[in-house]
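Okay, here's the structure, questions in a sec.
Letters A, B and C name the chains as they come in the text, with residue numbers starting at 1 for each one.
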Amino acid sequence: MQNKITVEALNAWFGAKHVLKNINLCFQENRITAIIGPSGCGKSTFIRCLNRMHEVVPHAKISGTVLVDGRDIYENGTDPVDIRRCIGMVFQKPNPFPTMSIYDNVAAGLKLNGVKDKRILDKAVEESLKKAALWDEVKNDLNKSGVSLSGGQQQRLCIARALAVEPRIILFDEPCSALDPISTSKIEDLMIDLKEKYTLVIVTHNMQQAARVSDFTAFFLMGEMIEFGDTKQIFKNPKEKSTEDYITGRFG
Amino acid sequence: MRWNKRKLTDRIMSFLAASCVVIAVVPLLSILYTVTVNGLSSINIDFLTKLPRPVGEAGGGLGNAIEGTFIVVGIACIIGLPAGILSGVYLSEYGDNRFGRFVSFVADVLAGTPSIVAGIFGYAFIVLYFGSFSAIAGGVALSVLMVPIVTRTTEESLKLVPGSIREASLALGIPGWKTTLYIIISTARGGIITGALLSIARISGETAPLLFTSFGNMFWAGGIDKPVSTLPVQIYTYAITPFPDWHAKAWGGALVLIILILILNIGVRLFTKKKYGM
Amino acid sequence: MDSSKFSFSRIGRSKLSGDLIFEVVVGFFALGIIVLAFLLFRELFVGSSLSRDTFGTGFLATSTWDPVNEVFGALPFIFGTLVSSFLALIIAVPFSIGIAVYLSELAPEKLKYPLSFTIELLAAVPSVIIGLWGIFILAPFIRDYLAPPLSTYLGFLPLFQGPMYGLSMLTGGVILAIMIIPITSSISREVIMTVPTHQREAALALGATGWETTRIAVLPYARSGIFGAVILGFGRAIGETMAVTMVIGNSPRISESLFSPSYTMASVIANEFVEATSNLYISSLVEIGLLLLLISVIINIIARVLVWRLLKVEGGGRV
């Protein structure tokens, strides 16, 4: 199994605040890698570095390399817009475009990148919604507003929206933290289905979730990566004391 | 006993404050009442569709003034809405710098410009240049009043769009400018439209900027480079004459104008209240 | 192409420049606002040069306004504008504060929105319609019901002497007061609402009544913002044209009595601009416009500084 993403010596700052310190990490293709750690440990900042969303925040800085299929996404002259098109992202709170219909939400990424052919759009919308396990629930209401859906459905709509632009990698930033348990388990099942075709990285503060869905787990603490390994090993037999403390609930 | 005195003071002050509200509402009610009663008796189909007649002749109407108001306000919108909305986009998206803050400051100062001064500007800038009073000069003068209002309301509506919407769009690989143009503006469109409609309501009733720009005309509009009659100016002209049948015309015009403006205002407020719970 | 492989295009000068072009286009319109303000000022400055060269600063201090002999002085209009606006403030301020306090503190929750909406609706009524109402309803009312008691009981003051025909400084002041109450009261209300709840709660916890809470905890806190609101109202009154023109009587003289007709800066422009025949006449009117613009700019800046400080820093950024 090959490495899809290789992160080398990654450092990130907000202004003068050093939030990520020398991170080195690999992500394998068609696997789910979870990133866990107490809040403020830099895990969200870290995955935002993987699709160049970190730099959207004013005064944010970054150094180091992120290789995707061997090419550095921070190389000079690379367009961050292209990177983001290839690496999808799902956010903490469901954020469908409020004034758009379900159909337009899913089609937005394609439409605004110049796809006009109605047949291609129809097909992409249907396929993405099917992949996101939402099609059966909304196929008769495609013209309804995206925000009329329940929270869990909205989050799956956001996943479908990300899938429609055909990324190879999808980043999840605590995707279930705003959802109820039933919606959460639907999203988790969906992630497991998606790893057949995609490489997934998920940030979560929910350790059971990490244990349930991920193949590999990385533990972050105060901007540093403390431990990385097979999920079973991390949860059963952590090497580091602080990992064990966190997993057994002694802090955070 | 002391407690009773304090309670009494509280009651008295509440009563006084409430009576301030009541007294302030009296002029509004009186205006609405007199305009409706006096206006209704002169409004009929001819009034809305016919040209004015000389004093002493019965009949005739303000059709051309209604037409002219739409023309002049339309010209102001063509100039003022795009300029105001795009400036507002700049202030909200890129305005966090010295230039942006200076622009907001100037927009605020412009918003406080006396409307008669906008009229002088329209006169000096357009009327003198083309050598005659014109609808376009009136539209330009009104747009001076319109631009700062639209700019600030657009800016404020855009700033209310949550950052998560912008991030969602950028993360889809949609370029920054398309994100602003198609996602952010579309999300804020309710607020932008509200601001635009309120600014239209505001300028539709303006008289002072039109007195010596679009001037007046007893006939149908002959083109945007010619003087046109407008409702507010026509109301003013009729009101200050000594002729009772022209006074009646003024009341009729006032009723038409106030209906137009109040419909815009009340409609917009009900719409925003329902949608945004404001 | 192997679709599972990651591929992204190099560079995109052309793509990056989309953002740049957009920023430049909207920035161009923003610049337009500054250009507009500059042009506005320039047109008035250039247009008034003849008058400024001819009369110098004496223009401000001369009370003659004689178009036939081409002698122009702005003093009667400056006097009329200032007196009518002050009169408006004297009437409007107590009402506005009362309204603001009632609508933000004392009114039942259910009434707050409909009442403030109704009062603000008055601001939407066009000036010319208020003027029409002023000519036919307000002026006769003041002549018949307000002026007689004033001259009976306060007639020893020069303010209330002489005959009263309806169109007068007093009528102008009252109509201006009616027109500025919506803005002064609504901004005062917003300022009062920025007073933190814990201020009120502290007073309420001591057993203060609603009014005592307002007097002790709310009004002192909101004082400078209310002052700003009053100044904004003053700015509005100074620039107001049509309604005043229609009821103030339009006579360029300086009289001690509020019963005599007067003239304001905005009114003289509205009334005489079209019929002004000579260049000097027009130029003098433009200079009055320039003065009006400068005064209202200064007043607006002062007021905004006062109001903003509260609404921005303490209220969390909404103006």
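What we mean here is this: contacts are C-beta pairs under 8 Å (C-beta built on N, C-alpha and C of every residue); 3 or more make two chains touch, one makes a residue touch a chain.
Since we're looking at a predicted model, the values are computed, not measured.
Q: Please identify the chain lying most centrally, where each chain is represented by the average of its Cα atoms.
A: Centre-most chain by C-alpha means: B.
Q: Going by average Cα coordinates, which chain is farthest removed from chain A?
A: C
Q: Quick check: more C-beta contact pairs at A-B or at B-C?
A: Result: the pair with more contacts is B-C.
Q: Taking the mean of the CA coordinates per chain, how far is chain A from chain C in Å?
A: Centre-to-centre distance between chain A and chain C: 54 Å.
Q: Roughly how many whole angstrom separate the Cα centroids of chain A and chain B?
A: Chain centres of chain A and chain B, defined by C-alpha means, are spaced 48 Å apart.
Q: With chain centres defined as C-alpha means, what is the inter-centre distance between chain B and chain C in Å?
A: One centre to the other, that is 16 Å.
Q: Listing for chain C: what residues touch at least two other chains?
A: As it turns out, chain C has residues touching two or more other chains at 15.
Q: Can you tell me which residues of chain B touch two or more of the remaining chains?
A: Residues 175-176, 178 of chain B each touch two or more of the other chains.
Q: Check each residue of chain A and list the ones that touch at least two other chains.
A: In chain A, residues 81-83, 85-86 touch at least two other chains, as defined above.
Q: Can you list the chain C residues touching chain B in their complex?
A: These residues of chain C touch chain B: 15, 18-19, 21-23, 25-27, 29-34, 36-37, 39-40, 43-44, 46-47, 94-96, 98-99, 101-103, 106-107, 113, 115, 117-119, 121-122, 124-133, 135-138, 178, 181, 185, 209-212, 214, 232, 235, 238-242, 246, 266, 269-270, 273-274, 285-286, 289, 292-293, 296-297, 299-301, 304, 318.
Q: If we count contacts the way the header does, which residues on chain A are in touch with chain B in the complex?
A: 51, 53, 56, 81-86, 88-89, 91, 93, 95-100, 108-109, 112-113, 158, 161-162, 165
Q: Flag every residue of chain B that touches chain C in the complex, lowest number first.
A: Within the complex, chain B contacts chain C at residues 6-7, 9-10, 13-14, 16-21, 23-25, 27-28, 30-31, 34-35, 82-83, 86-87, 89-91, 93-95, 99-100, 102-103, 106-110, 112-121, 123-125, 144, 147-148, 151, 156, 175-178, 180-181, 201-202, 204-208, 211-212, 215, 232, 235-236, 239-240, 247, 250-251, 254, 257-258, 261-262, 265-266, 269, 273.
Q: Please give the residue numbers of chain B that touch chain A in the complex, ascending.
A: Chain B reaches chain A through residues 162, 164-176, 178, 182-183, 186-187, 189.
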